[in-house]
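Per-chain numbering from 1; labels A, B, C and D assigned in written order.
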Amino acid sequence: MDKITQKIRETAKLALENGEVEKIIGWTKGDTFDDSHPVFITDEDKADSLIWDSFCVNNVSKYLIKELKQSNKVGVFLKGCDSLGFNQLIVDNRIDRTKVVVYGISCPGMIDPEKVKNEGLNKGLKSVKRSGDEIIFITSEVEKKLSSKDFEFDKCLKCRHPNPVVYDQLMTDALEEREVDLEARFKDVEDLEALSNDERSAYWKNQFSKCIRCNACRNICPACSCVKCIFDNTKAEVSGKAKADTEEQFYHIIRAYHVAGRCVECGECSRVCPAGIPLHKLNSKIIKDLNGLYGEHEAGLDSSVEAPIGMFKLDDCDSFSKQGGGKK
Amino acid sequence: MQRIGVFVCWCGSNIAATVGIEKVIKEAKKMPGVVYAKDYQYMCSEVGQNLIKNGIKDLLLDRIVVASCSPRMHEATFRKAAKAAGLNPYLLEVANIREHCSWIHKSKEEGTPKAIALVRAAVAKATLNKELIPGQIDVTHRALIIGGGIAGIQTAIDIAEAGYEVDIIEKTPSIGGKMSQLDKTFPTLDCSACILTPKMVDAASHPNIHLYTYSELESVTGYVGNFEAVINQKARSVDLDKCTGCGVCSEKCPSKKAKSEFNEGLRTRAAIYMPFAQAVPNVPVIDRENCIKFKTGKCGICEKVCTAGAIDYTQEDTKITKKYGAIVVSTGYDLIGLEKFGEYQYADHPDVITSLEFERLTNAAGPTGGQLLCPSDKRKPKKIVFVQCVGSRDKSVRGKTYCSKICCMYTAKHAMLIKDHYPEMEAYVFYIDVRTPGKNFEEFQRRAVEEYGVHYIKGMVGKVFPDGKKLQVHAVDSITGETIEIDADIVVLAAATKAKDDAATIKRILSISTDNDNFFTEAHPKLRPVETHSAGIFLAGACQGPKDIPETVAQASAAAAKVIGVLSKDKLVNNPCVSEVDEAICSGCLACTKICPYDAISPGTVEVNENGKKIIKIVAKVNEALCQGCGGCTVACRPGAIDLKGFSNKQILAEVDAICR
Amino acid sequence: MMKKISKSQFSQLFSNIDKSYQLFLPVELDGKVNFDLWQEGDKVNIEKLKTNISPKSFIFPQSETYMKFKRDGKKLKIDNVSGKKEDYVIFGVRHCDASSFKLLDNVFLEEPVDRLYEQRREKGTIVTMACFEPEENCFCTSFGIKPQTAPIEVDVTTWDLGESILWQSQTQKGEALTEKLNDILEDAANQDKAELNSLQESTKGKVKELPLAKLDPTKITGELKDLFDSEIWQELSERCLGCGSCTFVCPTCHCYDVSDFKGDAQTGERFRCWDSCMFSDFTLMAHGNIRKTQKERVRQRFMHKLVYYPNNHEGVYACVGCGRCVEKCPVHLDIVKVIKKLGGE
Amino acid sequence: MSIEDEKIEGIDKVKFEPLVVAFCCNWCSYAGADLAGTSRFSYPANVKIIRVPCSCRVSENFVLRAFQRGADAVVIAGCHPGDCHYTSGNYHTRRRFSILTNLLEYMGIEQERFKVDWISAAEGHKFASVMNDVLEKVHKLGPNGKLRDDRWIR
């Protein structure tokens, strides 16, 4: 069994035994090679179902909102990106840090099952192992070694925080910051910005027309943590459920705007979208603009730092009267 | 369904000329909820108002839309009328078809359809209007003045005279402030002390005024009518009541090395001291840093010599908590430090002095008994150079961008005084511009030049070199362009004024705002010059910006009038258009609290039933007395849990929809 | 009479259908394949087994206006929106999805008949495409579907022989369509049928080898109440995000919400749109919600598919084993897990 | 039906009649609009003003709704930074809508269609000229179809 998994199980077992936590949230394995899903453990004997592999992509921190209503102390396993989301939940006052024990895991990047399928490697695939930058695909017959880079989620290839930024206990040694092309951080956005208004409009119209209003992007998002989302509040009368271009556009503009300055760039919105809409391109645009106008801000990096929307400086510049400053 | 009445005003021909009234009426009648539509020449007239009243009484109208001039003009009028007829005034909306329509557009072709659109929007909004009842706040009939300079004293006296209690907090041992340090005042040259000290005594002796000298403001909570302040009265070590002010203690005190703050350090004082002879209260204070008793435990001479037995080494800081209805900030100003102005040798040569030090040197009660002598060797000076705008109108980091306003005049005063006492002395004034706006100011300055022959030279002093006993002043005359060298005996620097360093603290305690130079900002630069943005907190004097004495006193009385306006009420009525929280939806993220300029929103808790389990949930709570109804919180609230009464999300959306037709 | 057409003639085939029908077929866009209105030059992809979103939206659109109203003074004018007018063809529907249509019929065509649904069904001609290479996530056989053969109820079934496809019409609608294509459809030769048979045989074998082949809902026995009170719901639902991905990609989910679009103060329209039993506001009523937690919601979804629906429809399960939920659920909470936990393996 | 009646119905199909929705803060810009009226500075009737206490009361929802309902341009006008009646409201407006301005353009809505500006109570002339300027640009751009709700008839 792989070292980290072992460590995770021991840690969980111990914490549950000595009553340090009432519940542990981590991941466990399902039947298919890519099925590593969140699991909730209260009984130390079940701790052995916990695992760590290249498919533990889910961020379990958002479950804390629900769990902390029932339990007084909960332990969670968090990857680098997860820990940013965790901090954001603290900034937004949705969870009580003192009731959580964070077990940090440095993450080398998660594997995108889509990419595996596209290579046809899923046929008869038993399991997938990772060693360094190599992925080993194990079927009943053969073992294939391939470079991890070709199979990681796009978001992981851009990852700037493989190591947890907040934790009480570490399950792994820190990984060295992986090489990411910071220039390319906003490549997607710049490509779109380069288009004409009509081209952009057409682009988004086409994207949003795929939207089936399943709300997965919202429900997975660690920055979308309202008790009742305005889109679920019919009394608010701001939007309807009809499948109409205008409704989808409204939904997605507001969704992105509502996480402005709070989006931790975990890329989950795009990952979970069943229609394959690149939703992160909206969030990235806002992050790019906020950084440009009001200085670098990285949501979730430090839970004591406030979001740039909701504060101001007297000499802020603006994007509508190009002179900035704005003073008479 | 509502019963809405629409009342369209002609405003004589002002509206009727470019708006087809009858068409507006016709269309209005079709609008949902509208049961009555009526026009009249002057809706604001008594007859017009009666139309509205009768509509409410006879036709049982429950919503009113008046299409007329701007709501900023007559909304209040019409709402009064509605109220008189028994309808909640906030069920009335005004459609602005004059300023925003008939006066803008040339023809009925344009005006009529727009008027209809505006009426439709008003109807749509009115449909959603709710009855609003203003909250009432009790008023504590006492005012707090922060800072006991001339501004604070004047404010206090005016308020006290109106019959209300006033407390003054003064940081130093005596009230009086900067003015008490001055020798003469421009443009009349009358003696500062002679006009100030009587006021100080009035303040001290006034039954309605209580002084907290040697005290500082610790914290303030609450809101207009109901502030609660905690004052920290520092240990004076002398009993205010027992002390007779004889002064023997100071005389006998063996430790006399401390620099006298009052004399700008040009003279020393005892460790137990009275800042100046006319100090109010006339009671000394022990400066514990310099007191031998406090440093070593030995000595205790003052205690022995005090026949009144007023000395009390055991005294401790005491905290006083009191309620106030209004607060006036009058913390005054300071001069900037001149460390960064090395070229003038201020730090290195005793004969280079600030204008405030000069005031002390020429003051009869000053270190030299009014004799103008060089601080270095007490010799009689022959040439005196005044340098203007030292740090004023200075864009560089060491200076201030603004004009300190008083320097031109007091320098003219200084120069004039010299020539008056010592005609043989030469006075030179280097200036960028001479600014003399104000009653008799120009005349005053001209006298300095013409009658007294003060040399005014347009140009800045480049450098001052100590040269033996003398000071070589190098300057350039910016008109002739030639360089000038003067062997001066004394150089007087008109250092820029600045906001008090502790303005930042006061700002935080009162949560009011300051500008980039730390001067407190008024609610409106033209129309609300003495108010702050926080209701019930007012400004007086140089803490709001550089001012001379007459301006300061004027603003002080203005502030007093504002305070009296608050204190004279038994109850304050607050604007009912305030924010309200839907606690069921509130997530307790408290984004709203970060936006609110008035700290009107704070976290509270509610117990909710979460599937059978009772849990405590954090929610935002709005203090309606503090909320001013800007609505910033409603936009910060992502799920829309906070809404603004009178301008609710639904109302505005309804207006948008109505307009977009 | 079995027909045949070479793939080289596809564009011909499509444009011919397009002459007399609206033609919807699997089109690839941004790497995802979905049924879409055919246009010259579209990247048609009939190899992809299951489209990203199921074709149910053609007979049961995500949202559908069925009534418009206008107020005139005190009078209220209401017009019913007429349903689908044009004849249309959906080409390349897989048998799992085709079977889902039958399940929806049981709901919408039972009394009271759903007018709009009925119209859409009448106007539509379904051309299926049999599967020879089922995927890891396929388990249609567990619900009695034979991917390689021709389900009787569909209008036309086709088989992909690589170079060409075989074409078998089975209903009047199917015949009508075939008629219109006679000039490009040729009769299938005997060796084609032989090839088909061998392919179908090999498929039977492949199907047995599938990881989910052993899944068997009929093994789920026990009293409804016991299933309802089972422990598994708590455990399964813990990780559910409460999003609607599973329900909205599912070919058999058919719940909808009715709400109004408020036009200006005078006018408006009433529409229905897909709703999801996973949503917290599903079954929300004036007094509150009868399903308070995600546990009740998750239980409802699967009890409906595996117990309630069969109870009401001669034991037919409300799942066709397309496996979309297996692929799409962000937290791997799918019907396969439920069936297994309830003993269906 | 006469032309005027048609206009009143708001369905003048003859020529493009742009619609500009302007949110004005009560203390500065709304008063500025009043002053524009008092001083008879004219601007076309296509501009319709909605009064809000402060520019910071304007929610992105309102702006999008206006576009959905057929507005060809939306204007938000508030006090000049530093002069906000509520001290800081317009500073928040400035940040929020700097982001929204860019986001809307990113969605393909021309910048000319969404304007935020500072207009004081004394700037009646500026109010008129801002509105004229917006309308001129909108006339060049033509009707706005983006974000538009087809179910809504304007």
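In this section, contacts are C-beta pairs under 8 Å (C-beta built on N, C-alpha and C of every residue); 3 or more make two chains touch, one makes a residue touch a chain.
Because the structure is a prediction, the values reported are computed rather than measured.
> Quick check: more C-beta contact pairs in C-D or B-D?
More C-beta contacts join the chains of B-D.
> Indicate the whole-number Å distance between the mean C-alpha point of chain C and the mean C-alpha point of chain D.
Chain C and chain D have C-alpha centres separated by 46 Å.
> Cα centroid separation between chain A and chain D, in whole Å?
Computed from C-alpha means, the inter-chain centre distance equals 37 Å.
> Quick check: how many Å separate the C-alpha centres of chain A and chain C?
Centre separation, chain A to chain C: 31 Å.
> Which residues does chain A have that touch at least 2 chains other than itself?
237-238, 242, 244, 310-311, 314
> Where does chain B touch two or more other chains at once, residue-wise?
Residue numbers touching two or more other chains: 595, 636, 649, 653, 657, 661.
> Where in chain C do residues touch two or more of the other chains?
65, 261, 264
> Work through the pairs of chains, note which ones touch, and then classify the graph as line, ring, star, complete or other.
Per interface graph, the chains form a complete graph.
> Under the definition above, what is the set of chain A residues touching chain D in their complex?
189, 192-193, 197-204, 238, 242, 244-246, 249-250, 253-254, 256-257, 260, 282, 285-286, 289-290, 293-294, 308-314, 316-321, 325-328
> Give the list of chain D residues in touch with chain A in this complex.
Touching chain A from chain D are residues 60-61, 64-65, 68, 80-83, 88, 91-92, 94-111, 114-118, 120, 146-151.
> Flag every residue of chain B that touches chain C in the complex, lowest number first.
Counting only chain B, the residues touching chain C are 30-32, 124, 611, 657-658, 661.
> For chain C, which residues count as touching chain A in their complex?
So the residues of chain C touching chain A come out as 30-32, 34, 52-53, 61-63, 65, 136-137, 211, 235, 238-239, 241-245, 247-249, 257, 259, 261-262, 271, 273-276, 279-281, 326, 328, 330-333, 336-337.
> Which of the residues in chain A come into contact with chain B in the complex?
Checking each residue of chain A against chain B gives 69-70, 92-94, 225-230, 233, 236-238, 258, 306, 310-311, 314.
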